[in-house]
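You will see subunit A twice below: alongside subunit B first, and alongside subunit C after that.
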Partner chain A sequence: MPWMNRATADRVKFEFKDVEVEFTKHTTNLHVKQERLIDLMKHLKEKEGYRHFIDHTCIDFPDTKERFQGIYILYNPDTNERVIVKTWAKEGKLPSLEKLWACARWAEREAYDMFGIVYEGHENLRRMFMWEGYPYHPLRKDFPLEGIPEVELPSLTELYAGRTDPPSHDFELVHTRVPTLEDLERTEKARLQKKAQLVLNWGPLHPGTHGTIWFLFDLDGEKVVQSDVILGQLHRGMEKIAENIYYFQFLPYTDRMDYISAICNELSYATAVEKLLGVEVPEKARYIRTMFAELQRINSHLLWLGTGALDLGALTVFLYAFREREKIMDIIEGNAGFRLTSAFLRIGGVHYDLAEGTLDVIKAFIKDFPNRLKEYHNLLTRNRIWLRRTKDIGVITREDVFNYGLTGPVARGSGVPYDIRKLEPYAAYDEVEFDIPVGEVGDVYDRYLVRMEEMVQSLRIIEQCVAKLEKLPKSAPYVNKEHPAVMSPKEYVFMDLEDMVKNFRIVVHGENAPPGEVYSSGENPRGELGFYIYSTGGSKPYRLRIRSGALYNLSIFPKLIQNGTIADAIALLGSLDPVVGETDR
Partner chain B sequence: MTELLINLIITLIKILVVLGVFLGIGAYLTWFERKLAGHIQARMGPKLVGPFGLLQPLADGIKLLTKESVIPQNADKPVYYLAVVMAVAPALLLFSVIPFGPEFTLFSYRIKPIISDVNIAILLVFAFGSLAVYGTIFSGWASNSKYAFLGSLRKAAVIISYEVVLGFSVLGVLLLAGTMSTTGIVQAQIERGVWFIVYQPVAFVLYLFCMLAESGRVPFDIQEAEAELVTGYNVEYGGMRFGVFPLAEWYLNTMALSAIATVLFLGGWSGPHIFGPLSPYIWFLVKMFGLVFFVLWLHWTLPRFQARDITEIGWKIMLPLSIVNVVITAIVAHIL
Partner chain C sequence: MAMLNSNGFVLTTVDELLSWGRRNALWPLTIGLACCAIEMMHAAASRFDLDRLGVIFRASPRQADLLIVAGTVVNKVAPMLKLLWEQMPDPKWCITMGGCASAGGPFPTYSTLQGMDRIIPVDVYIPGCPPHPQGLLYGILQLQKKIKEKGVKKYDKAFEEFKKDMEKQGLIAREITV
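Moving on to the complex of A and B:
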């Protein structure tokens, strides 16, 4: 994807004299003073068309005076250009952008949680992932990787045993003091309005939440007056881990984020790192990657379909979807050796060459799958009950797509053709033909149709990949082993001294990346999964930020569910399709 | 005196037979449903316990009986226990007014294969049907859980709207038969040589809807809604106390209401005598289980409605339809 061009940058520079424009190898950065940040962002959003909020995060530089640098990534859907805005926090403070982009609220809460930056004007600056009362900010550079052992999450049992700290998990006992609630003050007022109201607690373990998200619904009858989302049950500190290991070592960790689409995660990460290291990927590897990413997409959409239908009471679709999913799992297992967290990709290629007979199995799958899709359509698409449950529920407008930073099928369901595969082709996506389905209304039903059509398009891509891979000779390289930062495949390592030495060096010393920064993203089944890598040279990233599509997609949930019912909540959540491994990281 | 005693003994035997047969069938219906669901969903269903998994219901029963039964701390204990009784009793009582076959003579005693042939049988059906909701409401209230509470309220809303439709849909049949006795209704159909479904197709469809709603089957299973309310009203029950709820609601109620539909619309035990002396009973069971099968089939195919949709359909579409149906039936029956 191109970055902000010089003409626009000059216009911005003309408007804002003190803005410094920096064109790096992979990005365009605007440096602005903290006081002028809101003005610049407003200008970019309203005058220059950078209205899609992609991400916000911070970098900690303990040695500089201001210490924290805020990073904002914006996207212009008209010209298909991105820009990074950077600003230094003043005395640990940044202005809040929640008036401009609603989803900035969650991103800022996360930055507050991880770095301790105070956002002025933020309505509800609470911890995002860590529990309230936790005294540290884990992504600061002076926070040790292993954590601080004396401080652990207080548990309910300990409270009963007489421990004094209020545990954040016990809503009944300390519910006025649980400050991780989104918009707590407003919620509390609403709770006091009417005595008949009921607070329904969903989760952290609840069959409807597809993982460990914690929802609170204020109910008036069945109607949801207000809802809160509490995240962080699955927070593992991926970004902190990434800062402390080599680039290639982090690859298996990406599997554990959106564990339903592991290969897509790997592909996004590998693309970002390859950009930073300047690694060319051989043709065969690109096609294998594309093929497996699309298989994984079908796999993930099937899981969404099955569980989504299960949520709405259609029990049989679940097993029908899993039957097909099993075949894809087998294909992945046959090639990568693992079913779920496959770790199939490598920096510079793929781990193994295609296994014997893979293409035949995939061809059989391509032949069979359209019939299965027809089965799902027969069961659901024109089913009156299904229509009643999904039509006009949770309508997302186009403005909200940009305001909440929505991506993936959720954005496309509202008619925004935002698909990284087309806008910034990676792997072999620029060499295959496929269409981007978009919805019209933006309700749950449109998102359902978009995902169903995406499976058909994925199938098309796979078909083309198979045709291409059949033509390629068996001896074609599947990993770019000539590059000094790419590990050679095992068969060379055991036979060849140079390869062995190279592997040895990489495993011990890492890849030794050049200094610079990269923002690269992939189109995941759950939206844009972006990796912002800030490297100061060396083998470990100085800062690796993961832009999670699921997190941003989830951020619109409290707004959409207002005045809906509990039954709508389940349909809506299914259509947003968050995976907690990715929202919490 | 001896007459009374003999009558009492005969009734007792009938009760034991009906209870034994239908509780047994109810248990085996779980096996049947699981097997059916398995085949609908392209899997095998239970197959490890006994041949074809036939001992699975027994294993389930033993498991449920030996499980620890946890009662919530703040539960309203008397109501909590009462709910179990209130769930299963009305479902069983429904069987008391179902005629399974024609009168026959055994040892010079004339025996009707119905527990109590009262002339207000259909009224009793409504009464028991309405009572069934207490099991749900009590369980929701007594377990002191928000999920259970919401589930039971949903069920109450459904029952209230569908009881009315049920009453009106059956009214057409009563007008045609001119009696409220279940045996009388079957006799009326046999005498005319036509099943009432021919005269009352709309009423039959309405009745089927009400049957699904009353027995809490898909697409009306909002009181369970495992994705939203975990399992709704019975979430705080464990062991056999939990097992009783689906047994009563999903199996006994479905069977009883199917049997009544058979009586009302499908000519009860009438059918060609091709199975010898047992043929009326076989015909009755065939019709009844045809309907049960239909319910199970829907259960494993359709998604579920929302609470507000169900009540909306009930009040806005089905109630006017059933009233129009009754009025037209009354006029036509009067003219002919």
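Moving on to the complex of A and C:
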């Protein structure tokens, strides 16, 4: 995807004299003073067409005077261009953009939680992931990864067996701070001021919430007057981990973010890092990646179909969908050696060559799967109950897609053909043919149909990949091992001294990336998963920001459910399909 | 130990009968925390079919007697899980599924609880990231074995003994507040 062109940048420069334009290798950055930020953003949104809010985050530079730099990524759907706007916080304060883009509210909450930046004009600036009363801001550079141990929390297993010296197993007695139930109650109270009859908690440990999302509904009878979402029940500190380990070491962590579509996550991450390091990927690896990413997409959509239908009372679909999921899992396990969190990709290629017989199994799957899809359609598409539960529920307009930064099937369900695979092709997506299905109304039913059609398109892509891979010789390289930052496959490491030394060097010293910044994203089953890497050289990223599609897709939930009923919340949440591992990271 | 005598009667103890009933109808609480929950769903769905073992997921802690902690437990969720555990009626058991729930796993970070056994006594630890559904099945079978061998009273007894021991040594047993 191209970045803001020079003509537009000159126009902006003409309007705003103090804006500095910087063209880096991978991005276009506009530097603006904090006072002029809102004016510039308004200009970009209304005059230049940068309507789609992609992401907002901050970087901590403890040695500079202002310390925090705010970063905004915007997208222009007309010209297909992105831009990064940067501004320095003044005395730890930034203006809030929630009047311009509604989803900025959530991004700002997150930045407040992680960096302690105060947003002036924010309607309710609360902690996004941690609880009220948590005293630290974890993503600041002076906060250690492992936290500050302060509570004595012994292992009960050892306590019951009688404490021994030395201890029966290895653990630290002093643990980081754990909230009390009062803390959580305070968190809940801070979020929602009761206006109607009753505040109902939905989640965090409710099977219908697809993980551990905590919803608050202010109810008048069955009608939802207002609602809010409390996240952070799976906040594991991914971005902090990424800052502390080498690039290749973070790859398995991406599996555990959106754990339903592990290979798609890896693909997005590997693409971003390859861009930064300047790694070319061999043709065979690109096709293997594409094929497995699409298998994973089908896998992910099947889980959405199964659980979404289960939430609305259709148990059969769940069992049917899991039957097909097992088949895909077997294919992935046969190649990667792992079912769910597969860590199959490597920077510069894939870990293994295709296992023997993989293509035959996939061909059998392609042949069988359309009939299975027909089964699902028979069960749901014209089902009267399904129609009444999903038609005209949770309608998302096109303006809201841009306003809330929606991506993926949720955006496409509302008729916005935003698909990174077409707009900024990565892997082999520019060499295969497929269509982007879009909805008309933008309700739950449309999103259902879009996802069902996406599975068909994924099948098409897989079919083309199989045809291509069959033609490629078996000896074709599946990893670009010539590049100094790419690890060689195992078979070479054991046979070749040079490869072994190289791997040894990478494992000990890391990849040694050049300084620079990269924003690269991939089309995940849950929307755009972007990685913003800010590197100051060295083998660890200075800041790695994960732009989660699920988080932004979920941000529209409070608006959609307003004046709806509780029963709609379940259908609606199923159609937005968030995964907590990705929203909370 | 049940015995079949020549008249067709089964002779057993009440304890054994109860333990037999309990271990063959372990009803876990429906809780998914992270990645392991997907494998737990797979274990319950078409291919692996946990129902065969009498394992039927219940949505309310009042009806459950097994807590399968499937996924990363972060500090924020820990008191909620503790509350759920306390809401479950005795006798109850806890299985930690996967590395995160057992010992923090790959997340030694500021926000992750380093092992479920810090707040809840754990009976069976299943390693893996995430464990295969077979792993979960094996863990449940291990728990059944444990119930068969050890009965259900071990916690109270062990804890009382431990408390007495502490007092004998002149130490004060501290309440663990989470």
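We take it that the second predicted complex is superposed on the first by the 539 of 585 C-alpha atoms of A that agree within 3 Å, B and C clash if a C-alpha of one lies under 4 Å from a C-alpha of the other, contacts with A are read in each partner's own complex, and residues count from 1 in each chain.
The definition used in the following text is that contacts are C-beta pairs under 8 Å (C-beta built on N, C-alpha and C of every residue); 3 or more make two chains touch, one makes a residue touch a chain.
Note that the coordinates shown come from a computational prediction; the quantities given were computed from them, not determined experimentally.
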item	value
Subunit B versus subunit C as contact partner of A:Ala309, first or second or both or neither	first
Touching partner for A:Ala428 - first (subunit B), second (subunit C), both, neither	neither
Touched partner set for A:Pro144, first subunit B, second subunit C, both or neither	second
Touched partner set for A:Leu380, first subunit B, second subunit C, both or neither	first
First (subunit B), second (subunit C), both or neither touched by A:Ile566	first
Which of subunit B and subunit C A:Arg256 touches, first, second, both or neither	second
If touched residues of subunit A are counted for subunit B and for subunit C, the larger one	C
First, second, both or neither for A:Pro207, with subunit B first and subunit C second	both
Which of subunit B and subunit C A:Leu319 touches, first, second, both or neither	both
Those residues of subunit A which subunit B touches in one complex and subunit C touches in the other	207, 319-320, 323
Residue ranges of subunit B touching subunit A (in the complex, touch as defined)	37, 40-43, 146-147, 150, 154, 218-219, 221-222, 225-230, 299-309
Subunit A residues within the subunit C interface of the complex	129-131, 136, 138, 143-148, 153-162, 171-172, 175-181, 183-184, 204-205, 207, 211-212, 232-237, 240-241, 252-253, 255-256, 259-260, 303, 306-307, 318-320, 322-323, 325-326, 329, 339-341, 580-581
Parts of subunit A lying in touch with subunit B, wherever the complex brings them together	198, 200-201, 206-208, 219, 222, 309-316, 319-320, 323, 379-380, 383, 385-386, 388-389, 565-570
Of all residues in subunit C, those that touch subunit A in their complex	30-35, 37-39, 41-42, 45-47, 59, 71-72, 74-81, 83-84, 103, 106-115, 117-122, 129-130, 132, 155, 158-159, 162, 165, 176-178
